[in-house]
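Please find one structure pasted underneath; my questions will follow.
Chain lettering (A, B, C, D and E) follows the sequence in which the chains are written, and residue indices restart at 1 in each chain.
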Amino acid sequence: MEVSTATEQKSLLATLAPGKRTRLRRLLFEFGPGNGTLLLLPIDQGIEHGPRDFFANPASKDPEYQFHLAAEAGYSAIACQIGLAEKYYPDYAGQVPLLLKINGKTDIPPSDEAFSPCNGSVEDAVRLGADAVGYTLYVGSPSQDRDLAQLRQVRQDCDRFGMPLVVWSYPRGSAVKAKGGQDSFYAIDYAARMAMEQGADIVKLNLPKPEAHKDSPAPYDEIDVSQEEAVNQVVSSAGRSLVVLSGGSKIDDDKLLDQTRLIMEAGGSGVIYGRNVWQRQHSEAMAVVEQIKEIMLASVRRIP
Amino acid sequence: MEVSTATEQKSLLATLAPGKRTRLRRLLFEFGPGNGTLLLLPIDQGIEHGPRDFFANPASKDPEYQFHLAAEAGYSAIACQIGLAEKYYPDYAGQVPLLLKINGKTDIPPSDEAFSPCNGSVEDAVRLGADAVGYTLYVGSPSQDRDLAQLRQVRQDCDRFGMPLVVWSYPRGSAVKAKGGQDSFYAIDYAARMAMEQGADIVKLNLPKPEAHKDSPAPYDEIDVSQEEAVNQVVSSAGRSLVVLSGGSKIDDDKLLDQTRLIMEAGGSGVIYGRNVWQRQHSEAMAVVEQIKEIMLASVRRIP
Amino acid sequence: MEVSTATEQKSLLATLAPGKRTRLRRLLFEFGPGNGTLLLLPIDQGIEHGPRDFFANPASKDPEYQFHLAAEAGYSAIACQIGLAEKYYPDYAGQVPLLLKINGKTDIPPSDEAFSPCNGSVEDAVRLGADAVGYTLYVGSPSQDRDLAQLRQVRQDCDRFGMPLVVWSYPRGSAVKAKGGQDSFYAIDYAARMAMEQGADIVKLNLPKPEAHKDSPAPYDEIDVSQEEAVNQVVSSAGRSLVVLSGGSKIDDDKLLDQTRLIMEAGGSGVIYGRNVWQRQHSEAMAVVEQIKEIMLASVRRIP
Amino acid sequence: MEVSTATEQKSLLATLAPGKRTRLRRLLFEFGPGNGTLLLLPIDQGIEHGPRDFFANPASKDPEYQFHLAAEAGYSAIACQIGLAEKYYPDYAGQVPLLLKINGKTDIPPSDEAFSPCNGSVEDAVRLGADAVGYTLYVGSPSQDRDLAQLRQVRQDCDRFGMPLVVWSYPRGSAVKAKGGQDSFYAIDYAARMAMEQGADIVKLNLPKPEAHKDSPAPYDEIDVSQEEAVNQVVSSAGRSLVVLSGGSKIDDDKLLDQTRLIMEAGGSGVIYGRNVWQRQHSEAMAVVEQIKEIMLASVRRIP
Amino acid sequence: MEVSTATEQKSLLATLAPGKRTRLRRLLFEFGPGNGTLLLLPIDQGIEHGPRDFFANPASKDPEYQFHLAAEAGYSAIACQIGLAEKYYPDYAGQVPLLLKINGKTDIPPSDEAFSPCNGSVEDAVRLGADAVGYTLYVGSPSQDRDLAQLRQVRQDCDRFGMPLVVWSYPRGSAVKAKGGQDSFYAIDYAARMAMEQGADIVKLNLPKPEAHKDSPAPYDEIDVSQEEAVNQVVSSAGRSLVVLSGGSKIDDDKLLDQTRLIMEAGGSGVIYGRNVWQRQHSEAMAVVEQIKEIMLASVRRIP
């Protein structure tokens, strides 16, 4: 299968209005690894999973841990929700940019009709000095009616305030399961395009599984691609929107670094690593972030 | 069955308020084939189907492909949603009119209770310099309550801003299936009238199947009409609203051109061809558009 | 069963605020048969039934047919929805009053939980120069929560703008079926009172079946009344609100005229005849309207 | 079981803001029996039951009957909904206070998830010169989410406009049935407290059945009280909110008068008698009201 | 399992905006036991349970009882809903701070999809001179969509008005039952974090059961902690938000006092005791509150 190289995309920044451009440049060039890349630290697991993720490293239960790490290790931004932003970000204002995630939910009820309600607003983000807003979209959920309508309001507010919009674009729900699952190439590829079409400036995706899945619609039921080609394709489906990919649950360090290189070389603009970083002691976390940043800068292909 | 000829309809433009008239004249006379016709290029398949439609011509995955084609081949307008309009239309502003489609959904969940939520607004369209707004109405869906209420708001905003309203009027849902299906003459004819009655200036329909269907209400369960008569009827049911018909999935070129002629001769005001055009190389696409435009101008009957 | 005569009701007009009084007097005295009567032409079948009602007289598919007929034959008002009002009424403004019907739905899905969403507003009616607003209320539907709440907003806007409110009061839904059906005396009588209690100035009812129905609540399960008594009762249940009754599907002319006389003598303020009039050639339609008007004026008892 | 006497309650009027106090004093002292009592005439049966309640006395079908009676017999207020208030109250403005009931529903669908939507507003009440607003709350209904949210808005508007709030507090729905039923001491006692806690100034209750019900929560499953003790308890549960009790369907006159005495002696502030009064000829109705008023004044204990 | 001590948390007050700080300081230092502690008296049982809780001490049915007690015994605040606040708080204004609870529901319907609708607003709280607002969040309920959206509005209003936000964070609903139940360490720990992440300044929790539950997600299915460790953990999960714990139904006095000590020593900022206090005679209630306060001051570890 022929794929166009993602670096052919025109510049995103060139299309953005001044407010968005000003804020996004901070993340891409002034903080983090720089050179047009994004290294994001997410600390929304307390909402999405509960405190269970903190047992691996008890110190990580205190949000101070992540805020301090994000600032000291030089992340492009820390992504958290309203409670943490109001109570912990003030001490780090100006030291690391804030990406205010404005919707979320617990994982206690089943996710067949997944929907993530807003607990914050773009106006909250402006008030708190954030440089970007995050929104989780459950692509293909039977609740997509409400989800797209809610996202519309967020997108319009982002346009109004010049606030960059980062969409966590996650295939989810019973219908997704029936067509190959939430990690299938089909589903992730759809999610990439969907987020861009809804107005995302940055799309956050999970790594797609490269194998064909017989239940996915054609041609996804028959095409096998390499992991890198799959990432390249989903980056390409997101068009001018930048793409960051996530690590998910903790994996082996070598794998983490290899994956980072692959993502960047396939046209990704960065990575969002949470548990893989903060589920370890501070010094170890600092060390691995340093390695990640080096690889990112060495492998970056996309010009934002 | 006796049918009145659609060209007897009085002028639509004469009834429109100045804002709508100004904008619609651009599409009908200043861009595209002209002479009161409409040749529309839709690029909303990334939302409605996902990226799978782009595999036939990988270059088509980059929205640049369609924007460039629409401008160079001389379409009356390009129809897309907010994400593309914000990130790709600026480079083509003034070169091809924008028809901002403001609702959409994925096709991942079943469509028994189809509903398409708004992801944009008429105000977005005004801000982006669009000359028309598009809305998908699922006629006969069990969700019609929400759909008609949502359309009402869009229609009122169109009246307020002088923005022409194009309704994609699609029979859909379980009850439609039980009465002959979404392509039955009964269902398409109902959809044509429904869109006009809700305030559409232009109605986008799929080609009706001309055969009688035993499950449709009388007299549709017994009348057989020719394809041209069927189109003439649905155009007539839309009254003063102009009608454009679509091609759907890719078909043979001869068939496409014959169909174009039939549509125009039956009183249609134009066609909306997406996959039939952009699922091929640029030079081929340019060539087929040229043929379509010639046939449109040679066969047009309706005075808008 | 003793019944009071409807003509004992006090004057409706005397209780109305100036805006409502001004507009309603136009319908009752300045247009149509006059002398406090109402002859209404409905053309909302394109929404409620689809184009199938137009096959009996193909010319009737063009809304021009009904607008022209309403003006030429001298109706009190033409009742239609937003699409027709915007595109066809301008040519007849001042020649026949407009009654803007502001909600409607297709009859494609089942009506067990019938609800008719608004596609227009009282403000639309004001803008278009309408003299009344129409609203369909589905009395007894399991969706009554939404229906009554929606009607409340319409009623309040009517009070605000001095716009007469005409309620199409239709018993509908599964619970109505279980208690004698939508045409039972019980159901129509309830509908008459309900509309008046919600603030209707004019109530549009279907003809009640006079026979007792065993599934209706007492005493309706045991009382047999004549057709005239039944009409008189429902008129009486509507109190000071005027009542117009409808013809439904096309019936024999003699029956139509007899029914008109019965309605007027029983205290009705008029009739709303659509298919019975426009499902025939123009000259025939003109002739039958003339007969209806004569009978109305000869039989009118109610002082509005 | 020891019960405190209701007359120990402190004054309600003393806690009310000036607007509420002014209006409520009219009902308690200037109209009706006076001396701090309330005699209310409800005419909302046309909505809640339909016209069937009027057959016992055909004259009662004309709302004039109740308005005239309320004024002539000297009620504290007439309680009706928007349609009657707008069309019949103007003739009696100043002669009898208006209590505008602002929600209601038909009894056609089952009441397992009972909810009563607003068809009027506190602002309507202000415009019409009403001295109080009425709201039906279905305590324990599975629809309590919507009900309490709707009541909140009404309560806030009452606070804003200084309008006394009367809550018809009715246990209703499947869960109530499972715990002893809508007339059980448990359910009525809960309803009394609930209304007061939601901000009611006056609570309208049905007479509780004094017997213990095995399905009610402890201790209601075991306590037997006298009818007077039951009334005293529910009055006490309503705290500083005044309580009026209703008669329901027509009963024997002696029973009606005994019941009135019991209610007043148990701390009730009054009664709301509809069918028991207007389901009889005018002169008889006048006579029984006279008797009721005498008993009320002779038995009143509560200082409002 | 290693746990960090809660006293390591930084000061909450230092992070709060002036309005919140001013009001919260009143509760923590000027009223109640003082020294940064909170002793809250809840009187919302009339809504949440009905009057059944008052039979143990009939005097407690009169809200005067609790208001008087709260003021005389020196509570940090009394927590009640709008009806009581409007009718009973005025007499105690300035004598004891008001914590206005602004949502609530009856316990009559099942709680599988628990949701607590707002019956008051932050603006009501401001108007009534309250020093804090209370909100019940049902963590993990299938209705979390509505709940989090409703809380968002409350939280934003609290930010706008400088009003401290107290979240009653209760795991509830069918999915919670399936993962160990509403009192499991897993569920309470999640609830603590969730409330903090939604913007609570103070989190009200029930005492967690310290035993591992096999249906809880890892590692909660295997870790056994002491009661004190469990409390310490949930306090820690709430981060800079202060935590108060409740007593629930009435228990033995020794147990109550032991529990109070444990809570304070584990980092809790206070207790909220209702039935354990007011289900006894006034003098006894005064006495036990005195003991509670002494223990609180002797055991307090957390600096607010």
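The rule is short, and it goes like this: a residue touches a chain if its C-beta (ideal position, glycine included) is under 8 Å from a C-beta of that chain, and two chains touch if they have at least 3 such contacts.
Everything numeric here is computed off the predicted structure, so don't read it as measured data.
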Co-neighbours of chain B and chain A - touch as defined: none
Given chain B and chain D, the chains that contact each of them: C
Copies chain E and chain A - interface residue numbers shared by over half, same or different: different
Copy-to-copy rotation for chain C and chain D - C-alpha atoms, rounded to a multiple of 5°: 70
Centre distance in Å when chain D and chain E are each reduced to the mean of their C-alpha atoms: 35
Chain centre separation in whole Å, for chain D relative to chain A (CA means): 57
Interface hub residues of chain E, defined as touching at least two other chains: 146
Chain-level touch network, classified as line, ring, star, complete or other: ring
Direction chain E, origin chain D - full chain order round the ring: D, E, A, B, C
Residues of chain D touching chain C in the complex: 44, 46-47, 50-52, 55, 58-59, 61-64, 81-84, 86-88, 90, 104-106, 108-110, 115, 117-121, 124, 146
In the complex with chain C, residue positions of chain B that touch it: 1-4, 8-10, 12, 15, 139-142, 144-146, 148-149, 151-152, 155-156, 159, 171, 173-176, 179, 186, 189-190, 192-194, 196-200, 217-220, 233, 236-237, 239-241
